[in-house]
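To start, the structure itself, in structure tokens.
The chains carry the letters A, B, C, D and E, assigned in the order they are written, with residues numbered from 1 in each.
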Amino acid sequence: MMQEFLQNYVYLIGSMSLIGIGLYITLTDENIFKIIVGLNIIESGTNLFMVAIAWYPKAVMPIYTLTNKLSINGKVIAADPLPQSLVLTAIVIGLGTTALALTIGIKIFEKYGTLDVRKIKEAGR
Amino acid sequence: MRNDTPILVKKITALSLITILMVGFFWAFTEMPKGSSVNVNNRVSRLYILKNVKAATKSLNSGNFFAKGMKPLRSDVPYSPITFGKSANLEDGAANVVTSIVVDYRGFDTLGEVTVLFLAATGVAMLFFGKRKKNIIKAQASLIMSVGTRIAYAVILLFGIYIFVHGHLTPGGGFPGGAVIASGVLGLFLGNDHYESNHLGLKLFESLSGMAFVIIGLTGLFSVNSFLANFLPTGVIGDLYSAGFIALIYIAIGMKVGAELSAVVDSMIVDTEEEWS
Amino acid sequence: MSIFNNAALLIGVPLLFAFSIPLFGLISKQLTKWVTLLTISFNATFSLYILLAHKYPSIVVMGNWLPPFGENLYIGPVAALLVSLISVMGLLIAIYNLWSIKKGDVTRFSVLFLMFTAGASGMVLTGDIFNLFIFMEITGISSFALAAYGPEKRALGGAFKFLVVSSIGSTLYLLGVTLIYTQLGTLNIAEIAARINQTTPGLLTFAGVLIVSGLAVEAELFPFNGWVPDTYTGAINGVSAALSGIGAVSGVYALFRIAMTVFGKDGTYVSSYGNLNFMAVIAVLATATVVIGELSALTQKNVKKMLAYSSMAQMGLVAVGLSIGNELGVYGGIFQLVNHSIAKTMMFLILGVLVASGVGENIDDFRGLWKRSPFLSLAFSVGAFSMLGFPLFGGFWSKFAIVGASIQRGGWYDFIIGLVLFASIVEAFYYLRIVGYMFSSDSKFPKLKTPWTPTIPIFILAVSIIAIGVFPQIVGTFSAQAASEFTHKMSGYVLNVIPTIAAH
Amino acid sequence: MNSNLIWLVFTPLIGSAIAAILYNYKFLDRLITFSTFAITLFLVFGTHVGQTYSMNLNFMGRMIPLSWNVTHLSIFMLYISIVFGTILTFYSLMDRSRMKGFLLLLILAANNWIFTTNDMVGFFFAWELMGWASIVSVLGGRKERKSRHAALYYALMSIGGSYSMFFGLFTLWRLTGSFSISSNLAYLSSIVGVHPWWVLGIVSLFFVTFMIKAGIFPFHTWVPMAYAYAPDTFTPFLSAVMSKYGIYGMLLFLPISLMEKGMPTVFGLPWVNYIFVWIGVITAVLGTVLAFFQDDVKKLFAYSSLSNLGYIVAAISLFTSVGVTAGIYHAFNHLLFKGALFITLAAVISRSGTSKLSEMGGLWKKMPVTFFTFFIGIASAAGIPPFNGFGSKWLIYQSMIKQHLLFATILLFLASTGAFLYLFKAFHSIFLGQLSHNYDNVKEVPVIGQIVEYLLMFAMIFFGIQPGYILRPVGLIVKSVGLNPLAVMGNGYVTGMFSNVDMPLIGWSLAISFVFGFILFFISAKHKYVSQEDNYTAGQIPQDWGLTPETYQFSWKFYEPMEKLFAPFYRIKIDGFFRGLGDWTRITGSAVKQVFVGNAQIYTLFAVVGLIILVIAGWVA
Amino acid sequence: MIIYIAALVVAVVITTALIAVFSKKLLSSIIAMGLVSLGVSGLFFFLQAPDVAITEAAIGAGLSTAIFVIALKKVKKGESEDEE
């Protein structure tokens, strides 16, 4: 019972909590770097979510090896490799976004002299 | 919501909003297959795992695939069991199914992904463009550290190359391999005072490996008449020389990612002064 | 299903040259701009060839894996038209960049600009829902970097706002795609579109909400468009032109591809599966965008900011037209998209030329511009008139069709179009005010010396606005085909990609 | 050879393109404008009633038929507008004001299209084209700031009007699936008995547009500004021709007889028509009252135009044979005399450099031809018999009395009396009185201008004493809208309900009495010309009386007592409503702008809130 | 059985993420973020995704944290320069 609940929900709860916590940081903390940290945590949560939907109890890893059979009697027993490959992509994209965001953050610090998002705006609007 | 909203109000608002959002998510979860009800046999991944996409295409063209009220019959597609080390001339020879998806079945995504990383590196370098000052990390590097990082760099480089060359057999591949190489470069920066990376070499590596990826894709277009199509024989699954062009692409990706991430590290770690003269 | 694999060059060639531009940069920085220009002109030529030689509908198979198993590009009428639009706009802005980008990191700017154009083309072309995300990120990352380019500090602020909001948006989109994947087990747009009614309605609704919200960030719909004014104002003018003329086009396309083809339910008026009718949701959001955008632009003294708000409002108008969901509405929406892209690009380029020659960005600086630079002020007026939908300019026909479609639909769309028309009067006020300032003669400044390179794209754009205004069928024939693609989900899209898929 | 209808539209467009290219060569631009008008006039000679043409426009992926249909009304309107335009452009050959020829040609194209088209797409296209071309034309008057404001104000009203018509035409399209004006009108009149309110709603959408363009009562506020601050040579066109588009549109829609079934009637009129009669009367009175006290001469005549359009609307709203005849006839007369007046004003302003009445005076000696043209113009405008304004006003009164609208008639009489007052004020202030030394070097307009002025003088007298030349075509129009035309006894007769007026007779008798009067005047004259300084203050301006050079003029506060009398009426500001609307919009705009606070975090919050609203909406649904 | 360990790891990850929220020092929240990535990459192992786990460990936990720290150093240096 407990095991079944955990199998069904633990990763989803984990990923959603990460997304929620990341969103919370993004929405409340005024420091630019902290916001980027928040975005990164959201990223991790999304990745976890995507891998979690690919998994089911007793799944094997989707790699053919000498001992690892991926299908038995026409039924695939491996974890879903497609979301995993998508996550691979998403991680790299996340890194790119993070790097660019940090760069912009550093540049903002150089020019505005602050890391406070509230102060990064023009006088007149 | 104004710019000078008190932080407490902001926090309470954010908390309540996120609570609502989470409730919404869990509401969606109730209808989502999860845990033991996940069935890969319903998904397109089944075809990738069993490497019978060609058979599925045949079935599709004859109109059987989407029979029965448009539910695709992915488990009805004929397949031949794959044995590691024996099955040969599969439509895709990578033992690592994730790799076969990343590079072969969905190779176009990966091309895009490499491009994203390339663009991010380009953007970082563009924003840090200017007169280079010096390494910001002022480590009082001892001789041991400096020599050690250099030796470690060689080992790390080799390890990275191993990772991406074996991408189609073992976990890993071009991206982690590249990242490993970049962390070696990072180690060089940390361990050596005034370390200067070879910019020309990085640039050449980056460009040539990226071009190699596209050219492999274009070769597919002109030889097999499809962009990013596999034009090499696949060999026996599990061999190092198998999986056709996957190894080539992963080598290109590994070199490119390594060079790009090194460039990112390089441009972030070195102080510059803007010039808009 | 006809396969036209060579169209993969539309993506492949820009990528190849983007990767090789750093090498060209080793030879000469100025050369890289020319490489970008030539590459985009290849794209423009090829896409115009596809459009004019009627090579569509056809698909491009990637890696020899036929859809729905592999990835594919789909070149339908919409994609053919919009790729041509994006490439031509990119080409013209690249010509402008030859003149305007002289300082800073020219090489990398060229790379980013080239990939921005190619990414937007890819967004329009792709037939895979995850591939759309990739291209969204390509477009996104290059536009963050482009928007941050420039000596002014406001560029960085704008780019950061764009980045944060857009990251959240793409995360939401990814979550939505994943949710759909859990039930359908595929990522191909055509297969999802054909089988969307096999999902459970709750999940479908939630996934749809996530995807629509994520794409609304790129399509500049309120309340997801907070980044628009700051980013457009902050970026250098060439980049603002590209953002409104290229980026917004692909964003709005992606939104409606998902809302109409994937979630859509065919009918006289396209509605969507699920508990929530996403077309209606988008209509409401778009109306809010139009009204808020125009009202915010009304009191602006800064012309660039005014153009930014106006750009937002125009995207709202496009979305209103498309969300009506019948052929006439989609026709108007696509037509308006083309017109907006042309006119806004031109106006930002003009602003760029003016700012570079020492005219300020404030509306007061536009006094007597007619005397100082007749060509630029005339072209600016042409753009403004096209925005306002005056006859003999392109905007007339699209506004005509959008208003006609929504009145034809009736019901609460009458109310929507009433609000939109009210907003248009507001728009008329601020645009005509600029025109009035330009044609007054109380300027004591000397005549402007306009360099000839940037005037080429401006001239072409101005002439094309008038040409479209006089001969609407230049765009009209294609946008009519596009309308029939968008409103007939099965015959327009799905069956062209997967011919053997059964009807509902 | 019906395609000349298309050339009626395309010739001006081509001319406009050429003129725009040659814009920098002032004279060539004007020459092309004039010659295009002349060519178009020749094209109109080849046009005859009943001519139709249609072509398909590939639009919305389907064929939208564009059709042309020449009716009696359209050919009448074509002739009068193009002839006047030709005269005006001929005049503008020597003009130095900043009228833009290519815009005038665009308006001409729109003009021809509006008058000949039989489909609403073309009508709307042409209407919008005319709208923006005239808006841009209003820019660039002598007072730039003011003309910019005027143009903006006009633009907002005009665009609002266009959108109203937009709604109307698409609603009709939704109902009938056709854009054809004639079949839509037939449809409307067929359902008027069943759904009178529907028809009323749709027609009022159109009428708002027409009222705005003609400057009828609640929407008149743009008229004085736009007329006054437009370029001087453009104002005649604006007043004489462009105000008639609204009248034309109303005449198109009036035949939908709302009278038939289901609508209550007042004085034998359907109440909608009754309301329109009163709107016309109010416009007439309002225009007159406001015209009294204007110091800017163009503004004065702008209000005068307003007043005259009020007459026309009141007359055609009756929709009786006399009413429609009178309305169209007065439209023609108004075109002629107001065109002449504004042309002479353009001449005066270009010579004197001012449009302020209090700064002019005594110009008649310097500009005699202009003076006589102006004199005949105001005589016509005031409705003095031998000249052309008389007959139509007389017919209007008759038509009002016929419907027993006595009070309205009395108000119209009063308005006419008021017209005498303000016309005299303008006449006196500009031409009579003492000549200021500023104007010692003022010369008569060049030969071209004089030719035009002689022509206009001749026309006003000729059509005054030979009204039959106009009344015959007007009769045909009246017949074509389904009413009994008035019998025309001869060229010299205005045929009324109760009696006929023999215009030549009146003309001769008045001329003879004038001649006697002049003879007496010259025989008994003991007058002496004095210069401005030669008076009781000997040229010194008595400062201690609180006088300034500006106020020390006969025409300063010409009707001050009357101004005090009418003072309460000035508090009612109609344009206050529109300005309030504008202010409200602006305030809302600055409030809405606060949404974009410029903080990345808050923008993220917006996105999340939007997402949550959508989630909740999905939940609820 | 392994699911209980996974649940424990999830709890640890969430706790680490909460540390990232509430820590006042930027550096510690960056480290916490790195740990979150590391924990998530551990979870990927439990989820039978070794490829993703390796990539996440190398890129998400390793390189991205390193970049963060470099960026922080740069900003800190700027701050100290300002103080001087």
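By definition in this document, a residue touches a chain if its C-beta (ideal position, glycine included) is under 8 Å from a C-beta of that chain, and two chains touch if they have at least 3 such contacts.
Keep in mind it's a predicted model, so treat the numbers as computed, not measured.
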Each chain counted as touching chain C and chain E at once: A, B
Most distant chain from chain E by Cα centroid: D
Remotest chain, chain C as reference, centres from CA atoms: D
Between B-D and B-C, the pair with more C-beta contacts: B-C
Chain at the geometric heart of the assembly (C-alpha centres): C
For chain A paired with chain D, centre-to-centre distance based on mean C-alpha positions, whole Å: 68
Euclidean distance of C-alpha centroids - chain C vs chain D, Å: 43
Interchain centroid distance [CA atoms averaged], chain D/chain E, Å: 75
Averaged-CA centre spacing for the pair chain C and chain A, given as whole angstrom: 29
Multi-chain contact residues (two or more partners), chain D: 593, 596-602, 604-606, 608-609, 611, 615
Of all residues in chain E, the ones touching two or more other chains: 49-52, 55, 59, 63, 67, 71, 74
Per-residue multi-chain contacts in chain C, two or more chains: 130, 134, 137, 141, 144-145, 148, 157, 160, 164, 168, 181-182, 187, 206, 229-230
Every chain pair in contact, whichever chains are involved: A-B, A-C, A-D, A-E, B-C, B-D, B-E, C-D
Touching residues on chain A, where the partner in the complex is chain C: 19, 23, 26, 32, 35, 39, 42-43, 46, 49-50, 53, 82-83, 86, 89-90, 93, 96-97, 100-101, 104-105, 107-108, 111-112, 117, 120-122, 124-125
Complex interface listing, chain D residues touching chain B: 594, 597-599, 602, 605-606, 608-609, 611-612, 615-616, 619
Partner chain B, residues of chain A touching it in the complex: 4, 7-9, 12, 16, 19-20, 23-24, 27-28, 52-57, 59, 61-66, 68, 70-71, 74-76, 78-82, 84-86, 88-89, 91-93, 95-97, 99-100, 102-104, 106-107, 118, 121
Touch list for chain E against partner chain A, complex: 3-4, 6-7, 10, 13-14, 17-18, 20-21, 26, 29-30, 33, 36-37, 40, 43-44, 47-52, 55-56, 59-60, 63-64, 67-68, 71-72, 74-75, 78, 82
Chain C-touching residues of chain D, taken from the complex the two chains share: 24, 57-62, 106, 121, 124-126, 128-129, 131-132, 135-136, 139-140, 144-145, 148, 151-152, 155-156, 159-160, 163, 166-167, 170-171, 173-174, 582, 585-586, 588-590, 592-593, 595-596, 598-604, 606-611, 614-615, 617-618, 621
